[in-house]
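To start, the structure itself, in structure tokens.
As written, the chain order gives the labels A, B, C and D, with residue 1 at the start of each chain.
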Amino acid sequence: MDAEKVSIRISWTPFDPEAEAAHFRRRCARAGAIATFLGQVRGENGAVASLALEHYPGLTEAEIGRIAEQACARWPLEAVAIAHRVGVMAPGEPIVFVAAAAAHRRPAFEAVDFLMDYLKSEAPFWKKETGADGSARWIEPRAEDSRDKARWAPDASSQGAQRAWRK
Amino acid sequence: MDAEKVSIRISWTPFDPEAEAAHFRRRCARAGAIATFLGQVRGENGAVASLALEHYPGLTEAEIGRIAEQACARWPLEAVAIAHRVGVMAPGEPIVFVAAAAAHRRPAFEAVDFLMDYLKSEAPFWKKETGADGSARWIEPRAEDSRDKARWAPDASSQGAQRAWRK
Amino acid sequence: MAIRVLFFGRLHEVVGAREREIEPPDWVDTPAALIDWLAAGDARIGAALSAPSVRVAVDQAIVERDSPLAGAREVAFMPPFSGG
Amino acid sequence: MAIRVLFFGRLHEVVGAREREIEPPDWVDTPAALIDWLAAGDARIGAALSAPSVRVAVDQAIVERDSPLAGAREVAFMPPFSGG
């Protein structure tokens, strides 16, 4: 993996998305375009009390590394950062932060979009939501998540997949 | 315009993208998804000395407001922020910061992508680049920028335009 | 009545000014007529302001070149935008 | 040789453990055979581990259920991922 380009962090404690963003920006001050995504725990108007995320230490980092490598092979990226929280989180807390830097905006946008679709369904994380009423349920990928990921297949007709980016 | 949802800022002095992001996040702590884009002045390996951006005070804010309104009508957004620098900038300095918050990630991504395409070609800004050799040139939209914007037309076949988002 | 005319981007370099206070004659009743009047004696200015890519705003609203100019206080000539 | 078996997500609730140290007999030479052995006497465990949506990793590499298990130190059963 291109270790200079890719940074991956799994955190058991809350992380500060703006600190991650500032750190990332210092790594790629010459990039014209930086796209980011931040996922936060949804409280669903009080219906959700907490979210527990578990992962498979070692394999999770390796699989995220593979996903980031695919993004770097597909788009001319200057840098990629992925921070992912594990453990028990309260509504409003950051779960995932993804950033991609490139010379121009389209590869940066598409890479972050791609990374999120793959983190959702190709990285070993498991989410359990506990409701305000004490009920707990494991969250499994939605049909929408598979459709989103299918956009990146080599033969997909979506604009995201059609563009060929050269390094 | 939905003034509670939309924040627009034109700045003659450098702005701090992470401060903008932190402020935005405080406004939408309940959003599950926040997508951002940051544009920075490209130095082109020393070929560019500075970038001067002019705007049309009053009309620029109004046109950005119209663009943000279109985004809010098209996607179920919780908040939108746009910060745009004007004046003379050095390579590496932030030019534009766009953020969109939504319950889920696709509307947030698509709104930021849309906002950038429209800011490029529908908001009254003009860029003049001064080279390290002292030469100056006005920057005009590239063919790519029109193609990018065309993706959002009602009859475009791109995935971005095909999806119908309901409030 | 006096009209303030603004020239943005490369147009201010062609015209040689960022803005002008003018008092045009009565026949100048549309942006198109204003271009003819401003360009009198300088074909380069005429060509620059008439380019199809140039947008015109009257009192901070983007309009067509044949819109009425009656009562306008501010007219702006805007070459292609390049924000973001 | 002892194998450490990991059960992630809802599987640890079905199995009743996050991990188990086991010493399976020689005929347990693939993840599929390991499932049969682990599920002996508990059809619910068998059904949960056999579900097509469950992925198997051997020594931190995702593999098919009929891959060889010889020499494996760690086997993980992983229900559908839900990261991000």
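The working rule: a residue touches a chain if its C-beta (ideal position, glycine included) is under 8 Å from a C-beta of that chain, and two chains touch if they have at least 3 such contacts.
Per UniProt, the chains are A, B = Molybdopterin synthase catalytic subunit; C, D = Molybdopterin synthase subunit MoaD.
The structure displayed is predicted, hence computed values, not measured ones.
Treat each pair of touching chains as one step and give the shortest count from chain A to chain D.
1
From the centre of chain B, which chain's CA centre is farthest?
D
Using mean C-alpha positions as chain centres, tell me how far chain B is from chain D in Å, no decimals.
Between these chains, centre-to-centre, one finds 49 Å.
Can you work out the whole-Å distance between the CA centroids of chain B and chain C?
That pair's centroid distance is 27 Å.
I'd like to verify one number: the distance from the centre of chain C to the centre of chain D, where each centre is the average of its C-alpha atoms, in whole angstrom.
Going by mean C-alpha positions, chain C sits 75 Å from chain D.
For chain A, jot down the residues that touch at least 2 other chains.
Answer for chain A, listing residues that touch two or more other chains: 39, 105, 116.
Two or more other chains in contact with one residue: find those residues in chain C.
Residues 84 of chain C each touch two or more of the other chains.
By the touch definition up top, name every chain pair that qualifies.
Going through each pair of chains, those in contact are A-B, A-D, B-C.
In the complex, go through chain C and note every residue touching chain B.
By the definition above, chain C touches chain B via 6, 8-10, 57, 60, 62, 76, 78-84.
Taking the complex as given, what residues does chain A use to touch chain D?
Against chain D, chain A makes touches at 39, 53-56, 58-59, 62-63, 84, 95-96, 116, 119-128, 138-141.
In the complex, go through chain B and note every residue touching chain A.
For chain B paired with chain A, touching residues are 17-19, 21-22, 25, 29-43, 91-92, 103, 105-106, 108-109, 112-113, 116, 148, 151, 158-160.
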